[in-house]
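These are the structures, in C-alpha cells.
In the two assemblies presented below, chain A is common to both, partnered first by chain B and then by chain C.
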Partner chain A sequence: MRILSYIQLYFRLVSAGIRAQMQYRFAFIMRIVGMLTAYAGTATTMWVVLYRFDALGQWNYYEMLFLFALAIVSWGFCIILFFHYISLDTYIVNGTFDRFLVRPINPFFHFMSMRFDVASFGQFIFSIVVFLWVSVALSIDWRLSKLLFLLASIVGGVLIQGGMLVMISALAFWTTKSNWFYWVVMFPARNLNNYPLSIYPKVVQWIAAFVVPFGFVNYFPATVILDKTPVGFPAYIGYFSPLVGLIFFTIAYAIWMLGLRRYKSAGS
Partner chain B sequence: MSRWRIYYTFAKKSFLRSAAYRFDVWSRIFSNLIFLLTWSSIWIALYGGKEEANGISFTSMLTYVAVSQFLSAVNSAGTPLWEIQEKVRTGDIALELMRPFDVPLRYLFADFGSVAFYIITAVLPVYILLFLIFDFSLPDSWSTWVLFIFSALLGFLIRYAIELTFGLFAFWLVETGGVVDLFYFAMSLLSGSVIPLWFFPDWLQSLAFYLPFQGIYFIPNAIFIGEISGAELLVSIAIQCFWVIASFLLLRIVWHRAANKVIVQGG
Partner chain C sequence: MAIIEVEHIRKEFKIAKRETGIAGALKSIFNRKFTIKEAVQDISFTIEKGEMVGYIGPNGAGKSTTIKILTGILVPTSGKVLVNGIVPYENRQQNAKNIGVVFGQRTQLWWDLPTIESFELLKEIYQVSDKRYKENMDTFTEILGLDEFINTPVRQLSLGQRMRADIAASLLHDPEILYLDEPTIGLDVVAKEKMRQFIQEINRIRQVTVILTTHDMEDIEKLCKRMILIDHGQKVYDGAIDTVKNRFGKMRTLVVDVEENGKDLVLSGGELIRVEGNRKWIRFNRDEISASQLIAQITSTHNITDLTVEEPTIESIISRIYQEGLSEEAPVSVH
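Now for the complex of A and B:
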C-alpha cells in the first residue's frame, strides 16, 4: 500500500516536471538532437576503428554496436531516475537540501522524483534503432526467453549505474563534492565500458566484474545474448546481471542513507 | 608594451588560481589516464600481436596514442566551451566587454597560465614516467623535438580559436546542444586524436585533410613518431599556420558580431 502510494506520488511529481520542460519545446528538441549526435558520433568512431581491421578482440562492428546500445539504454533510465543525484553537492553547499528533509516522505525518494530529464528520449531512440538494426544484421533469434533476459539485464544495468551515481552522490555528505567525482571517475569509466571488456588488462576486467561491476551493465549480458564467450570468465556469468544490480544498488542505498544520517545543514 | 603586461598578469593570475585549486587540477590526470588505458587497449587488440598494420609499426602506433593523450591533457586544461557559454547565458560576459582589454586574448593568456601549471606539476611528470616504463619510440633528432613542440603549440592555438568560436554561438542559439556535440565529435574523430588519419576510409581521410582539426593532434603526433618528415613536414606545418590564421580571423569576425549583439540586446 505504502509502495503503491509512492508510485502514484512519483508520477504526479514527475508529470509536473515534464509539463514544465515541454514549455521549452525548442530546447527539448535540441537536447535530444545533441544526445543523438553524440551517440552517433561514438558509433561512427567505432566504425572507423574497425574499417581497416576485421574485429576488435573477436567482436565485429554489429556486436560492438549492440554492446554500446545496451549500455546506453540503461543509461537513459539512469538519467531519468538518478543523474541529478550527482549535483547533491550543490544542494548541500547552498543549503537547499534541507527542504527534502522537512516533508513527510522518504528523502531518497523525494530527491529522486525531483527531476525527470526528458532528454533521455535521445538514449531510447538511439538504442531502439541500434537494437533493430543489429538484430537484422546478425539475424538474432529473439525468443521470448531471450527478450525477457534482455529486459532483466537492462534492469540490472540501471541498478548498477544508478547505484554508482547514488554512491557518488553520497560522497557529498562527507566531502561536499559529488559532481567532481562523476566527471573524474565515472565518466571515463563509462567510456571504457563501451568497448568489450576482454581487450583490457586482467586487473581491469576483475575490477569491472567484482569491485565496480560495470561489466554486468553490458559486456557480460551481451555475451549471453550474442552467444559469445566471456574470455576468462564462466559462460553463465552474464545471467547474474540483475542479481548483481540488486545487491549493488542496495549497498549504494544503504551508504546514501548512512550519509544522510550524519548530514548537518550548511546553514547557520 | 604595457598592453602586453596586462595579458602577462592574466596568465600569472590563472597560474596561481590553478595552484590554489591544485587538487582539482591534478585529479584531471586520472580521467586522462583512463582514456589512455582505453585507447591503448583498443589498439593493442586491433594489432593482435602483429608487428605492423597499414604500414605503421606497433610501437609507433602505441606512441601515437600516448602522445595524443598527452596533448589532450594539455588542451583540456584551458577554459572549456561550456564555461564560455555559461558566461554568455548568465550575462557575465558583459562585464568583460566593459573592461579595457581584448576578451579573446585575455582568455588565451588565462589559458596559458592554467595550462602551464597543469603541464609542469602533473602532465609532464606523469608522462615522463610512462615513457620510462613503457617501450615507446622517441624522436631521434633534436630538430624533430623542436618541430613537434612548435607543431603542438600551433595545434593548441587552432583548438583554442575553434573552441571559443563554437562557444560564442551561444550568443545566437539559446540551446546549443547539437552544436556542442558536433564540435566534440569533430574534435575527437577528425583531429585524429584516437585514430590516425591513415586508418580512415579514403573519402573520410580526404575530408579530414581539408579541415582544421587534423592540425590539433594528427600533425604533431605524426611528427613525433617520424611518419611525417622532410618536405611533407614543412607542408604540414604550413597548413597548420594557415589554419591558425584562418581560425583566428573567423574568431575575430564572430567575436565582433557577438559583441555587437550584446549592445543590440542592451539593458
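Now for the complex of A and C:
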C-alpha cells in the first residue's frame, strides 16, 4: 500500500475510533475534565514548592513552568497516538491481536490506528494556555527559527515518549503481561521531567541523556529556547532532540517488529 | 489444482510449568521449567479450489493452531505450507488479500460502531473498489439479511446477527479461501441452521474454498463432503464424510434408568456398553433396530423411569476409529 493511502486510512480508522469513544459520552467528558484537573494539580504543587524556594537550581518559576508545558504538550500528542500500545498485552491475552495479523496492512500501523485518545485534548489545551502565559511572563522572543525548533523538539519528544511506550508494549510479545512496566518506567520518568535535570545526581542526568533519553523531551530543548546552560553538557545538546527522537523511535519500532516475529513463532 | 497444500507441518509450544501454592509460584519466578507441547504433529493434506472441508476434532486437538498457520499468524516449527502459491507466514500481508477469516468467538467488527461502519472501514483496509463493494453489499444483504441490523452498533447485535455480519465482513474483498473457526458456536438451533444455509449459499455462488473447524458433527454433515479429523495434533481420518457417517453416524446410545427387579436385561440388536447403578448405556445401530423397538424389549421385563437417546459425538467417533480403524483414503470420490 502506498504512503498516501496509509495516511488516508489512518484518518479513516482514527475517526472511527473517535466516534466509538463518543458513544460513551459521560466517560468521555469525565476523562477530559480529569486530565485537566490532574495537570492543574501538578502545576499547583510546583507553585507551592517554588513559592518557598523561589527557584530550583538556576530555574525560576516561569522557566520551570515552561519545562512543564513542554513536557505535557509532547506527552499530550504522544498519548493521542501511542497510549493505546500499553494495552497490547490485553489484546494478546484475549486473542484479539490475531485480527491485526489477518489483514493486508502493517500490523504496527493497524494497531496504532485502532485508538485515538481524544480525551487528551484536555491537556493539550492546558499546555497551550501555559505556553502562552509563560511566553509573556518570560518575554520569549518567538522568532520563526525558534518557533520551528520548538515544533521540531515537540516532535522529538513525542517520538521519544512514544518510542518508550512502544518498547514497553513490545514486552508483551515475550511476557504476555507488560502493563505494569509502564508504571515502573514511564511514570517515574515523566515525573522526573517536571523538574530541571540539573537538580538530579550526575548518574540520573547521564541516564536521561544517553540511555533512556528523556532529557531530550523537555530539558535539553528548553535550555536552547530559554538560552540557559545545560550544566555538564555541551550547550548545543538540545538541538539534537528531533534526531534523538527519530533514532529512538526507529529502535522501538524494530524491537516491536522483532517481538511480533517471536509471537508468530511462539504463539501465546 | 490444489489451492492449499500442507506438508508435514509440526508446531511446538513451550509452556511454562506452573507450580501450586504461593511457594511454588515464587519458585517458578526464579526457576521456570518448561514443557514442550506438540500442538500439531506431522499433518499433511491438500485442498482443491471450491472444496468445502470440515476440519474437526475435540478441544485442544490442534484445529486452531493449523488455521493460524494457514492464515499466517503462526510459523510452523517445521513443514511446508502453500496457500494459493504463497507461503502464508512469509508473505502474510499478501496472503491476507486472498483469505477471509471468521473466528466464531471473536468478532472482527468495531464493537461500538454501527455495523455498516465496520464494512466501510474494511473496504478501505482491503482497498475494495466502490463498484465491487456495492455489488458485494447487495449480495450479502440479500442472502444474509444484513439490512435488519446494519445501523445497529455491533455490541447490540444478537450472536446470530453478529456472526452473519462477521461472515459478510470476511468476504467483502472477494477472498478465494474462507476460514471459519467455530462459526456456529453458541448459536441456537434455528440460528445454526440459518448459518449453515448461508455458508452453503456462499460456497455455491462464489466458488469460495471453505475450511470449517467445529466440534459440532451436524455442521460437518450438513455442509461438507469431506472431513479431516484430527486428534492430539495428528490426522486420524481424511476422506468422505459419508464413510464415517455410514460407519459410525448411525450408532446411537440409549441411556435408560430402570427399576431393579432381579431379572437380567435381555437385548437383541443392542449392546450393553456401560452400567452405573440403575442407569444403563445401550449402543445400537439405527438401521438395524429403532429406539422404540429397543425400549419395547426393555419394558417387557423392566420398568423404565427415565431415558434419553444420545447421538454420536466427535469424541466417540474418534475413539471408535482408534478401536476399529478406518482407511485413510476415501473409498468414494471426494470432489
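Annotations
As a convention for this text, the second predicted complex is superposed on the first by the 258 of 268 C-alpha atoms of A that agree within 3 Å, B and C clash if a C-alpha of one lies under 4 Å from a C-alpha of the other, contacts with A are read in each partner's own complex, and residues count from 1 in each chain.
As a convention for this text, contacts are C-beta pairs under 8 Å (C-beta built on N, C-alpha and C of every residue); 3 or more make two chains touch, one makes a residue touch a chain.
This structure is a prediction, so every number in the text was calculated from the model and none was measured.
With both structures placed on the common chain, the touch criterion links A:R19 to chain C but leaves chain B unconnected. Legend: residue contacts after superposition of the two complexes on their common chain; A:T176 is shown touching neither chain B nor chain C. Once the two complexes are overlaid on the shared chain, A:A27 sits against chain B while remaining clear of chain C. Once the two structures are overlaid, the count of chain A residues touched is higher for B than for its counterpart among chain B and chain C. Applying the stated contact rule after C-alpha superposition, one finds that A:V102 touches chain C and leaves chain B untouched.
Shared-chain residue A:I199: touches chain B; no touch with chain C.
Shared-chain residue A:S5: touches chain C; no touch with chain B. Residues 24 of chain A are contacted both by chain B in one complex and by chain C in the other.
By the touch rule above, chain C contacts chain A in their complex via residues 11, 13-14, 65, 68, 71-75, 89, 92-94, 96-97, 99, 101, 103, 105-106, 108, 110-113, 117, 121, 124-127, 153. By the touch criterion given at the top, residues 24, 26-27, 30-35, 37-38, 41, 44-45, 48-49, 51-53, 56-57, 180, 183-185, 187-189, 191-192, 195, 199-201, 204 of chain A touch chain B in their complex. Put simply, chain B touches chain A in their complex at residues 24, 27-28, 30-31, 34-35, 37-38, 41-42, 44-46, 48, 53-54, 173-178, 180-182, 184-185, 188-189, 194-195, 199-201, 204.
Here chain A touches chain C in the complex through residues 1, 5, 8-9, 12-13, 16, 19-21, 23-24, 94-96, 98-99, 101-106, 110, 264-267, going by the rule given at the top.
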